[in-house]
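One chain, chain A, links the two complexes that follow: it is found with chain B in the first and with chain C in the second.
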Partner chain A sequence: MTTYEPDPMPDRLRAAVSALPRDVPPADDGWPAIRARIESARVVPLPGSGRVARRPSLPWRLVTAAAVLVLVTSAITMRAVRREAPRAAAVSAPSTSGMLRLVNDRRKLVIDVCNNYDAAASDLEGVLRERRSRLSPATVRVLEESLRAIDQAIREARAVLEADPASQDMLDLLDSVYRQKLDLLRRANALPLRSS
Partner chain B sequence: MRLRSLVLLAGALAPLTSLPAQQKIDRRLALDANGMFKFFVASGAVRVIGWDVDSIVVTGTISSKSQFFVGGGHSGVKGAVEGEGVEAMADLTVKVPRRARLWVRGGEADVRIDGMSGALDCSSASGSVRIQGNSDEVTAETMGGDLVLVGSPSYMRLKTATGRVDWTGTGEDGGISTVSGRVTVHGGMTRRGRIETVTGDVRYEGGIGAGGALAIDTHAGHVDLVLPKSTNATLIVTAATSDLFGLRSIGDPGKSPSSVVREVGGASAGATITVRTFKGRVTAASP
Partner chain C sequence: MPLPSPRPSPIDGDIALAQRGDVDAFERLYRAEIGRVNALCLRLTAGQGADELLQDVFVRVWEKLPTFRGESAFSTWVHRLAVNVFLIARRGELRREQRVVSSDQSDELPLDPAHGYAVDDPDARLDLERAISLLPQGARAAFVLHDIEGYSHEEIAGMQGIAAATVRTQLHRARKLLMEELDR
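Moving on to the complex of A and B:
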């Protein structure tokens, strides 16, 4: 480890520093004038003008916020579970419809992700079908078992995302499984073939 | 009685006579110390041994109906055993300059590599792959066989489908993926690591370097982390069920799993370990 020693202070400088006063009061310059100006601009409530407008107390604000949250959450859940009820958005509060739009965007994103992966997988599966008869039976068995496990995982992940499209972790896990599927198919299509 | 003895004798000899006849192989070629060697074996077993001589020696046996080719120059040599099924069965030992770059494909053959330090790229469809050495760069794949690596490459990619992966060593940049194969790590990643399975369980016994990132994603596999006491990392676990250093969490199966964040050690090193599983269970402990 490297350590750094401070340079020794010259004696003359040390003496000069020691001679300096330890505390210096701030100069009494314009502060009284500033204070007077602030005081003159202060707003004073007029007598007899009724109650001063108050913000709702903290408990009420919490209750209101909780109600809005429940409304939004319920609407999202309902929308997620019952896809056949698009009219719900029309009768919801603006914030709810905004949230629903987000949920729909997420659901669309999930569908797009799945469609893109499915299209790519379908192409690779087509190539594999043509090569399958020239792969060894042991390899075909491994491929079939693996693809079954992958497709089952995709179905389960998609079912969860139908109900909870906002789950980034599930979307990432689905993405991981799809990548595994494409990689497996690509590797299977690169395997050496037996002579026909 | 005599006839019965003859029948028994014929039965005993039958397996011997049905075995394909074999050819002996003994070929030698010159190859630069850091040259390239590519080799393909359809079935059987091939063992590659790194040595400190600038030449290649291929010895062993192949079935009589298969054909053996090898050729090339000082900078690169290519060889193969061609044939079908049992007829292409080979049992070969290949000595290769230790620092050579090695590319091996085994159709259904078991591949074993020892003592190499050059870059390795080897795979087998349904055979096993076993590697022990000091290669700085290892890419190894098999579909149904097991994959075992003992070594500490800077760069590593290991893949199987149903086969298990067993890695002992440390590496800067590692990626391991299986579908249903179990993954076991003894050592760990120092900078960046990614382990992915679909249903395979993962056991990670090792640490993570300062500022490193380890990500483990599995759809249905269980994940067991055994972290050294000296580990400094932020642990982010997304799982239905977890037990992180005795802190248990149980969620609703079938729903999006929830996340738990736990600081391990001082976490001042800025390392991150992320584990995500939909159906699996995650445990973390220090021995």
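Moving on to the complex of A and C:
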């Protein structure tokens, strides 16, 4: 089989490329917006995570936070299901091809969101698995309970979105819960390990 | 005489601090990398949505920071993450829009640049930046990643989920279009 190889880069083009700057400072400082996004995604820190001393860091706070998260999610889920059931039925009805395409696009969007977050969470979970044996049993127990609660919230939000992919509220909630999961995992992976 | 053991650089310390949740340390890392990542984002997006992409990249870097093990240079790791964030966003856009980008089929550059670079700038570097911004999306990604950033055809193909032959074809088209534009 012949493999197509492009011609070598012309010298003139090569010279122009080599003259391109490696660094291009942005016109505006984007850091404040990035910091705001990072801060807004934070959850109650895990014990021993050091920073963010302004928030209490007892394990029960974490469990409480996760439990509250599930309760809030469940309440919103029930409300959304009740309030939006007629709309969901209307959206699902294949009245026009445009409507169907819209629903399919939204479903793809939900799948994309979940896939992206799941990939990031999977990486972090891998790191956590490697560190797990060197964390205290109490911390591991708290972590696992919290992650179970968050995963339950994700499942509930996804179930609602499956029935009503047009629900922007639920998509926002799903996004928020996933962010909390990533933040929890990231903090767990930053916990100091016990010396063996 | 034994060689002195390598001392950790300031950036290593900031990486360790940021991995533990220190946002101030992360800001220092951001400031160290922003120029290079911004250049990449501007070229990949032709300046359209580059600011949003830049934000997404650094939020993603923050989220993934605990997985950084120092197996490559930090800037290389950030750079690859930026490319991944761009490609994921692009795939999402393509799926959502479900449209055929007619300019990707064309062998001529669009007449209206409007991509953030001065058309009549006499500087050759800006000419090339402008010409890159006018490339069809696939050809632009191939050119930026291969000819500017140094990724191989196979790496680019793997990142985009396309055949290496497609990357080569896009690269060939990009170079041809750029040369035509520079010759004008």
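In the analysis below, the second predicted complex is superposed on the first by the 101 of 196 C-alpha atoms of A that agree within 3 Å, B and C clash if a C-alpha of one lies under 4 Å from a C-alpha of the other, contacts with A are read in each partner's own complex, and residues count from 1 in each chain.
The rule we apply is simple: a contact is a pair of C-beta atoms (placed from the backbone, for glycine too) under 8 Å apart; a residue touches a chain by one contact, two chains touch by 3 or more.
Bear in mind the structure is a predicted one, so any value in this text is a computation, not a measurement.
Asker: Please work out whether A:N116 is in contact with chain B alone, chain C alone, both, or neither, and reply first, second, both or neither.
Answerer: Only chain C; A:N116 stays clear of chain B.
Asker: In the superposed model, which partner reaches more residues of chain A, chain B or chain C?
Answerer: For chain A, the partner with the higher number of touched residues is C.
Asker: Touch check for A:D105: first (chain B), second (chain C), both, or neither?
Answerer: The answer is second: A:D105 touches chain C but not chain B.
Asker: Could you say whether A:R187 touches chain B, chain C, both of them, or neither, answering first, second, both or neither?
Answerer: In the superposition, A:R187 touches chain B and chain C alike.
Asker: A:L143 in the overlay: touching chain B, chain C, both, or neither? Say first, second, both or neither.
Answerer: The answer is first: A:L143 touches chain B but not chain C.
Asker: State whether A:R134 touches chain B only (first), chain C only (second), both chains, or neither.
Answerer: Neither partner.
Asker: Per the definitions at the top, what is the overlap between the chain A residues touching chain B and those touching chain C?
Answerer: In the superposed arrangement, which is not itself an observed complex, chain A uses residues 183, 187 for both chain B and chain C.
Asker: Report the residues of chain C in contact with chain A in the complex, numbered from low to high.
Answerer: It is residues 19-23, 26-27, 30-31, 34-36, 38-39, 42, 51, 54-55, 58-60, 62-67, 88, 91-92, 95-96, 98, 124-125, 127-129, 147-148, 165, 168-169, 171-172, 175, 178-179, 182 of chain C that touch chain A.
Asker: Considering the complex alone, what residue numbers of chain B touch chain A?
Answerer: 40, 42, 84-85, 105, 107-108, 125-126, 141, 143-144, 159, 161-162, 177, 179-180, 196, 198-199, 217, 219-220, 238, 254-257, 259, 276-279
Asker: Going by the contact rule set out above, which residues of chain A touch chain C in the complex?
Answerer: 3-7, 9-10, 12-13, 16-17, 19-26, 28, 30-31, 33-35, 37-39, 41, 45, 49-52, 101, 105, 108-109, 112, 116, 120, 123-124, 126-127, 182-183, 185-187, 189-190
Asker: Name, in rising order, each residue of chain A that touches chain B in their complex.
Answerer: Result: residues 135-136, 138-139, 141-143, 145-146, 149-150, 153, 156-157, 160, 163-164, 167, 169-170, 172-173, 176-177, 179-180, 183-184, 187-188, 191-192, 194-195 of chain A touch chain B.
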